[in-house]
Amino acid sequence: MDKQIILKVKNLDAHFGTLHAVKNINLEYQEKSVTAIIGPSGCGKSTYIRCLNRIHEELPNSFVTGQVELKGQDIYAPEVDPVEIRRNIGMVFQKPTPFPGMSIYENTIIGLKLQGGHSKSELMDIAEASLKKAFLWEEVKDKLKKEGTSLSGGQQQRLCIARALAVNPPLLLMDEPTSALDPIATAKIEELIDELRKEYTVIIVTHNMQQASRIADYTSFFVSGDLIEHGKSELIFTNPTNKKTEDYITGRFG
Amino acid sequence: MNRLYFRKIKNFIFLGLISLSSLFIIIPLSILLVFLISKGLHGLTWSFITELPKPAGEMGGGIVHALLGTIWILSLASFISIPIGILGGVFLSEYGEGFLANTLRYSADLMTGVPSIVIGIFTYALIVIPMKSFSALAGAIALSLIMLPTIIRSTEEILKLTPKHIRKAALALGVPRWKVIFFIIVKGNISTLFTGIILAISRATGETAPLLFTAFGNMYLSSSWKEPMATLPVQIYNYAISPLENWQNQAWSGALLLIILILILNICARLISGRFDVGHGPKFIFMKLRKKWTSKSF
Amino acid sequence: MNLTPDFLRDEILKMAALVETVLNKSAKKDVTLSEIFELENEINKFHSHLDDECFKYIALMKPSAKDLRTAICTMKMCAELERIADQAVKIKRSFRKLSKHYPILDLMIEDVERMVKNSINSFVQGDIKLATDVLQHDQVVNELNKNIIQNSANEIKNNTLDFDEGIHVMHLARNYERIGDLATNIAEDLIFLESGQDVRHQVPKQER
């Protein structure tokens, strides 16, 4: 099964004020796979993932050097518009963020609607397909006009996933998507990610190692902005090569 | 046992004091309304609302010119101050750090404190003198100067209630910044913003002092913005200080009409904000603010 | 990810089927040693593969309760099945050296093959009663082993049995007795898996 490399990160450095948050990362990501990023708090995982869709630079006093090639095109090239790039990359955050004042239906298609160029029936179809992919359709199909914020936490998070999927990005970034959810909601979302792996490339930041070992094909281990180790999850969790990785996984540090 | 008893007594006393203080608010308001109604209700007839005033000394007549004038000048003032106010509020909430933003914020706060008569005199000097005439336009400008800082600050506070991560999530969707602001943040809060605006309008409805120097007043129906125009507050003032009993009674009815107008505006505000199910309306805003405050204390 | 208790279960059942086959064939005259080797090879591959899968399952999925017992018992049963296959090879080697058929072994062969079948079935059905029956039957097989060895020793002393033949008969008895022990282990593993109870070393050893 020859999978193509969909994302290449080359010599990526990110700064946040005087803090050198991400240090010289070189990584490649296969299509249709799930990669988890683990590491102690403040190790730069969230900063790193925000460099992949150029959200990091929205913060004041931040800058990024290096290259990130999505399907061969460097997203940091000077002529590239960050807004265009973000349409090809979906992102889900730790806190579920349904947009206020909008119904469930509007929330799902808002990304598409603001891009323009879709008819009403197309939007309806895409909304249904995205909600089905996010395992949410059955629960909301009778109340699409209700406020997005009227859903439970787990449902809101799946709504955010549906919203990201609606623009059909090949790459999905998830920053601790289940940290704010209860175990049942978490399990649903892990099941969802397992299903998403068949069509999308997912990079997920998690502070929960068990989650990484359960759902990820590959795992990266970061400490203080450095990439300590990266490899197949089954190797990282059974026989890591770096002692720091082993210490972290067995709970002796971090 | 003893302590429990004392605590209960203290609770009871405290509850009593709070209830008493709320009576201090309710009682004067009720007296005011009762007074107004008793003095003005019998004069509040259909002809009063639809007719022009009769010459001095004659019985009857109405204040339709002042009513329409108030509506006309308020509309013009809203037309000026709402777009500017919302843009200013958006600027403060979305790009709110830095010298310009702080200056704007400080200026708006100062302006809310400026006495309305000073605003009237200012507008007089700025508009009336060059135009060599009192005008509805001057009145509208004066009122918009009163409404503007309120709209700016309330817009800012309402938009700030939308948490920062909503903006991040919207940006991450690949939506350009300006679309995030207008189609997601502003659109999502539109009914609360509207409520804020209506409250600003209803405050301006009752302003008398600035209109004295600008719109001045008119005994006839005016439709030109270059000419003086009658407004309810000013007309009430003129009638009230006149020696004619007919006019004094009409002042009471006019005051009652003014109160009713403001009441209608407030009810509209509530209805509009309540229209959007969960998530809007002053009650919800209050609950959100309370949550914000209590979470800060953790 | 394919790592589930059901997957492990399916794999071990495939391995068990192979082991039953190789055991059965090892007693048949028309089956060659190389055929037995082929089967044993496949079983060894299953052994490494299934061990690895169980290990990965425990490392990545962090199972608890019955899932954890399933993983651990599958690893143990895997090892025991592989040893049964080893014994089958030894049985074939010994049978090849015999010049004739010794009916005294028949009962033991039948009993032991039944024990293996029942221990595997008890796993398939989750049947603790069947597993307990296997545990108790081990006594019988031990007795049979003792009898065959004593009998053969006597016949050798009386010169009614050739020495070399006699040694191989005794080896076969020992091999089958060993298989009986392994089947007992599988039954004990199953009881642990289903009930969480450790029933090992509960049958008192007898004086010889």
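Letters A, B and C name the chains as they come in the text, with residue numbers starting at 1 for each one.
Please note the rule applied: a residue touches a chain if its C-beta (ideal position, glycine included) is under 8 Å from a C-beta of that chain, and two chains touch if they have at least 3 such contacts.
Because the structure is a prediction, the values reported are computed rather than measured.
With every chain reduced to the mean of its CA atoms, the largest distance from chain A is reached by C. Once CA atoms are averaged chain by chain and compared with the all-protein CA average, the nearest chain turns out to be A. A straight line joining the Cα centres of chain A and chain C is 50 Å long.
Spacing of chain B relative to chain C, judged by their CA centroids, is 91 angstrom. In whole angstrom, the spacing between the mean C-alpha positions of chain A and chain B is 46. Contact with two or more other chains is made by no residue of chain A. Chain contacts: chain B has no residue touching two or more partner chains.
Against chain C, in their complex, chain A makes its touches with residues 194, 210, 213-215, 233-234, 237-238. Note for the complex: chain B touches chain A at residues 162-163, 165-166, 168-176, 179, 183-184, 187-191, 276-280.
Of all the residues in chain C, the ones that touch chain A in their complex are 1, 55-56, 59-62.
Within the complex formed with chain B, the chain A residues making contact are 53, 55, 58, 83-91, 93, 95, 97, 99-102, 110-111, 114-115, 146-147, 149-150, 160, 163-164, 167.
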